[in-house]
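So that you can tell them apart, the chains are marked A, B, C, D and E in the order they are listed, and the count of residues begins at 1 in each.
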Amino acid sequence: MDYQFLVKTFFIALSGVPTALIITIVSLLIALPLGFLLALSRINRIPVISQLARVYVSFVRGTPVIVQIFIIFTSVPLLLKPIFEEYHVKTNIYDINPIWYAFIVFSLNTTAILIEVFRSAISTVSKGQLEAAYSVGLNNVQAFRRIIIPQTLVVALPNICTATVNLIKATSLGYALSLKEINLRAQVAANVGYNYIEAYIDIFLVYLLLCSLVEYLFKLYEKRVRKYKAVDA
Amino acid sequence: MLEIKNIHKSFGKNEILKGVDLKIEKGDVVVILGPSGSGKTTLLRCINFLEQADEGQAIFGDMVVNLKSATRKQIHQIRQKTAFVFQNYNLFNNKTAIENVTEGLIIGRKVPKAEAYKIGQQALEKVGLSDKINSYPSQLSGGQQQRVGIARAIALNPDIILFDEPTSALDPELVGEVLTVMKTIAKEGTTMLVVTHEMSFAKDVANKVIFMDGGVIVEEDAPEEIFSRPKEERTQQFLKRVIPEDYIYNI
Amino acid sequence: MLEIKNIHKSFGKNEILKGVDLKIEKGDVVVILGPSGSGKTTLLRCINFLEQADEGQAIFGDMVVNLKSATRKQIHQIRQKTAFVFQNYNLFNNKTAIENVTEGLIIGRKVPKAEAYKIGQQALEKVGLSDKINSYPSQLSGGQQQRVGIARAIALNPDIILFDEPTSALDPELVGEVLTVMKTIAKEGTTMLVVTHEMSFAKDVANKVIFMDGGVIVEEDAPEEIFSRPKEERTQQFLKRVIPEDYIYNI
Amino acid sequence: GCSSTTTTGSKSDSGDAKKEVRTVKVAFDQGGKPIGYVDEKGNPTGYELEVMKLVDKALPEYKFEYVPTSSEDLLVGVQQGKYQVGVKNAWFTEERTKSYIFPKEFLGLSGVGLLLKKENKDVKDLSDFAKKKLSLAPIAASNAQYTIVDEYNQANPDNKVKLEAGDAFSVDVVQWVNEGRVDGGIYLGATYEKQVLAKDGPYHNLADQVVYNEFTVVKTWPLFNKKEQEFADAYDKAIKKLKEEKKTNDIMVKFYNNDLFKLLDTVKR
Amino acid sequence: MEKYFDVTYIWDTLPQLIPFLKVTFMVAGLSVLFGTILGFILALMKLGTSKIAKKIANCYTTIIRCTPSIVLLFLVYYGLPAIASNFGTDLNTLQTAVFVVITFSIQFGALMSEVMRTAYEAIDRGQFEAAVSVGLSPAQAFRRIVLPQAFVVALPNFGNSFLELMKEGSLAYTIGLVDIMGKASLIISNNYNSHSLEIYLGLSLIYWVLSILIEQLFSKLEKIFSKGKQLIKTT
């Protein structure tokens, strides 16, 4: 075991954290509202959208993320290129930073998971809450923003936490997109002297730190938003 | 002030309301009685558009609204003029008592925050909960929750308050609390339409009692009349069941 | 038949039962009254070891059990002699009515299946539910569920049945159903210890009424006595609140 | 958790070592056609494996057991002693001798070049490539080709090639170059032969669109676990003989359509 | 795009991939079996009265949840033999599949412990109390009343975790165990990395169909086991 390398690579792996976090945050920013809206469409059985959402969820949940990454990474440029050419878009599609692919894949993926999370969470908020909001003169948007969403969030929070932790872990697959995230940085460092054992230990430590920190923050936040639940008996 | 005409409502094939007419004047306290499933809740909900009626008209002052094809704006207007007190309170779980009361004012009516708080405090005081202003619903007893529910309704200063069995989810001992509050605001001249099983309230406070069964109004009259001399047989039967003779004590 | 001595129970720092003594003879129907939080439920639960008391004795026929340090075997024996009817029914959701009733017989008492079914059927018949034998709790109304709960208790043929507000989760109209059943089995001589707010039941059926407050027994007496001439002030206050004077009608 | 002091395989339980046949695990990168791969019938084959099979025959005191795996696992596994030796078209670097034994005798040769679009056919090596500021397909970090570019960059800090690590599985160099997704990729001569030049190659239809400019030939080595000096010595003896008998040349022609041994004099590393 | 994309590759791959489902199922099946047992033990620790046991179980769950599967796989594949060799046992001769199953059992156990804990807590305590009040022993009450109901609550989550596991199983390829995903990779590399898009599409098709089948199976199971429950929510 090369301890010097172990320490050095730990910091190299750590320098991949921002990349992992950016992907995570962007994906969540897209997936949270989208997942919520699609969950509503499924609950209210809005035709077409609801069925599409269903197929979409089942595909995304049914196939490995790495395969999804591959499909998006390979096919998006192939599909876009003729469109770009047709409309004389100047940008070279291959100059796009691969992080955009990561945004697409992980947002799509997280959205699918959050649809299910929100679907069950929304159904725990009783219909009476919405009716009461209407009865005091709130409109739909107001009722959702002020009454339903805050309550849904509390129920959904533990599952959102799980989804976030899984998302952070999944960003390690970003190496397939040549993204300089935690995993890839450590592996590149390991390649020089083939110090893979040390590299994997470092990857393990960085993810453990990162994810338990995220979990901890979620717990704190959960405590805050749960305050209205008082001391449940 | 409020007139409902020929309201019909079905769930699937089940016709629940079969043409109900109703007229309430300003300051009236109207109590609706009737067996379970007779459509009392449905009637109230249709008035407040929590259900969409299949047919019928509501006349609110000079506003005439078709209950089936009301526009969003009309619905909003009617909801601004009414308030609803739910059987199981339906307080906003994520808001404190005062926030529950002011929510509709601040967000729905755009009343300035400070003013809304003042109105809210007065309303909570009226129901005797000045000391629970910052409690969450989960920290209140059922009776207290329902009193917040009533405060929420009166704070809106609506033309009419609809009550759907406001005491039936309460322990017998807490019923008193809520009835007292209701009596107080009734005596202040608030117009109220109340579905309840509390005969004492009907007898003491109402100036009209309506007996519903099977989706129609069977009988309506002043409370003294209906309790002592019910004309219809169904009314008699019902009253007998709800007020059993052996319930009479002389303490 | 059952004697409880000096039962104490605290939750954390909160002392809920502060030394309660109780004596029930065979065939007695004892009703416990008292304001919310006075410890009525806790008392019943301690007798059935659903809570472990901190101090106290139970004397069951010739069996003397220390409530704090009872062995598993003693607990099991006492539970075999008692049955509990819960406020919110607590029927086994995954079992039909008849399975609910026979579960304790077949599994707990090792009664052969066929015999257990016969007993179960009789019990369900007694509560008027012969036609609901194969319904799941979710398919029954609240009153029906509670009647299954009572059938489950009487099928065990226990020495004593403990009732904890068996009607308070019911709609006012369904209360009658359950009270009628309770009256019937009381008249058959079953020993019962009943926490209830139903004064009519207490008055008609009980041969002893106990009034509890603040974790102690304030007063106990025959129902006629306690209702018409309560000795303690707290009892008077309580009864006034629960049986409001204006609740009296002459139809 | 991990110790490099792990005792190796079955050595300990052979009482009198001389007579008993020792089974050793030979790990190989199963995705490395035509260097090492698993054929349709599930048999391990490829240039490096066929040579190892001959080495096995020449060493009666050893019995080779071939373990197909990924390149990452092979590297960790040999270092840990899970496998006694690994072949994966590995090249020599000084740092790696800290983790593995490189024997005296190399195992094979590998032609490395740039795969380019036809119009860039005059880009002959990495320095041309860098000068023109062309973009390079990502290479898996554990791949030897990554090292070649990396070393070039360290040697030529003012004329660097933009090097990105990625993953082999998602990169289809020929197609990417042809599409224009990248300008070029580091490629193995052997693969180019089989994939594009061969009549039945899957990208034979692109033979007119892309070119392959070889810029170097390197030796490839088996990696031995640090404790396997004795085994490495035995390997050296056996392979030396095979090379003298030209057996390795035949196998190379069979798998690479090309005999790189002819160029051995020009090979620097 | 037509130049590269050749649909026939999708259909041609399917029959080559399908036999390797066997491996996928074997890994998933065994991991579910052992993982469920482990999860049960962990759930007991979390629900029990011992504070230390609770701490240990929670810590375990956090660590495992925070470790990417591939890293866990390597830690088990190399860590276990390294630890065992300190005790004089040689685990390197074990089959690769064993390590894969151990890895995913460890992971599935952590997931399941949470699923089981929440399912248990979702069952009203009154059910247990009613059962002991009719004279069942605590063990009988648990087995006959609480467990069957908790099982129904846990089923959907169990199904989700199962799907998750099946997909993660594809990582086994990294240490040389060829399941359906591994086979796809092999086909691609035997094609010199060409037409990988089509092959992966074929692969995802199989995964998708499989997951739909599993989902259906679980919702059927849920219906069968939740007799008596179906009306609760609709009132």
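FYI, contacts are C-beta pairs under 8 Å (C-beta built on N, C-alpha and C of every residue); 3 or more make two chains touch, one makes a residue touch a chain.
Composition by chain, UniProt nomenclature: A, E = Amino acid ABC transporter permease; B, C = Amino acid ABC transporter ATP-binding protein.
Keep in mind that this is a model prediction, so the values were computed, not measured.
A.B. asks: Would you mind checking the shortest number of contact hops between subunit C and subunit E?
C.D. replies: Contact-graph shortest path, subunit C to subunit E, evaluates to 1.
A.B. asks: Which chain has its C-alpha centroid at the greatest distance from the C-alpha centroid of subunit E?
C.D. replies: Taking each chain's C-alpha mean as its centre, the farthest from subunit E is B.
A.B. asks: State the chain with the largest centre-to-centre distance from subunit A, centres being mean CA positions.
C.D. replies: Of all the other chains, the one whose centre lies farthest from subunit A is C.
A.B. asks: Report the inter-chain centroid distance for subunit A and subunit E in whole angstrom, where each centroid is the mean of the CA atoms.
C.D. replies: 21
A.B. asks: Take the average of all CA coordinates in subunit A, do the same for subunit B, and state the distance between these two points in whole angstrom.
C.D. replies: Computed value for the inter-centroid distance: 46 Å.
A.B. asks: On a C-alpha centroid basis, what's the spacing between subunit A and subunit C, in Å?
C.D. replies: Centre separation, subunit A to subunit C: 53 Å.
A.B. asks: Could you work out how far the Cα centre of subunit B sits from that of subunit C, in whole Å?
C.D. replies: That pair's centroid distance is 35 Å.
A.B. asks: For subunit A, write out the residues touching at least two other chains, lowest number first.
C.D. replies: Residues 70, 74, 78, 81, 197, 200.
A.B. asks: Give the residues of subunit E that touch two or more other chains, as numbers and ranges in rising order.
C.D. replies: 4, 74-75, 78, 196 - these are the residues of subunit E that touch more than one other chain.
A.B. asks: Residues of subunit C that touch two or more other chains: which are they?
C.D. replies: There are none in subunit C.
A.B. asks: Kindly provide every pair of chains that touch.
C.D. replies: Inter-chain contacts occur between A-B, A-D, A-E, B-C, C-E, D-E.
A.B. asks: In the complex, go through subunit A and note every residue touching subunit E.
C.D. replies: 58-59, 61-68, 70-71, 74-75, 78-79, 81-82, 162, 165, 169, 172, 183, 197, 200, 203-204, 207-208, 210-212, 215
A.B. asks: Which positions of subunit A touch subunit D when the two form their complex?
C.D. replies: So the residues of subunit A touching subunit D come out as 1-2, 69-70, 73-74, 77-78, 81, 94, 175-178, 180, 184, 187-188, 190-197, 200-201.
A.B. asks: List the residues on subunit D that touch subunit A in their complex, please.
C.D. replies: Per the touch definition, subunit D meets subunit A at residues 1-4, 72, 75-76, 79-80, 93, 95-96, 98-100, 135, 138, 141-142, 146-147, 150, 164-167, 169-170, 172, 179-182, 223.
A.B. asks: Considering the complex alone, what residue numbers of subunit C touch subunit B?
C.D. replies: 35-36, 168, 171-173, 176, 197, 199-200, 203-204, 227-228, 239-251
A.B. asks: Inside the complex, what are the residues of subunit C that reach subunit E?
C.D. replies: Interface residues on subunit C, with respect to subunit E: 48-50, 76, 79-80, 82-84, 86, 88, 90-96, 103-104, 107-109, 136-139, 152-153, 156.
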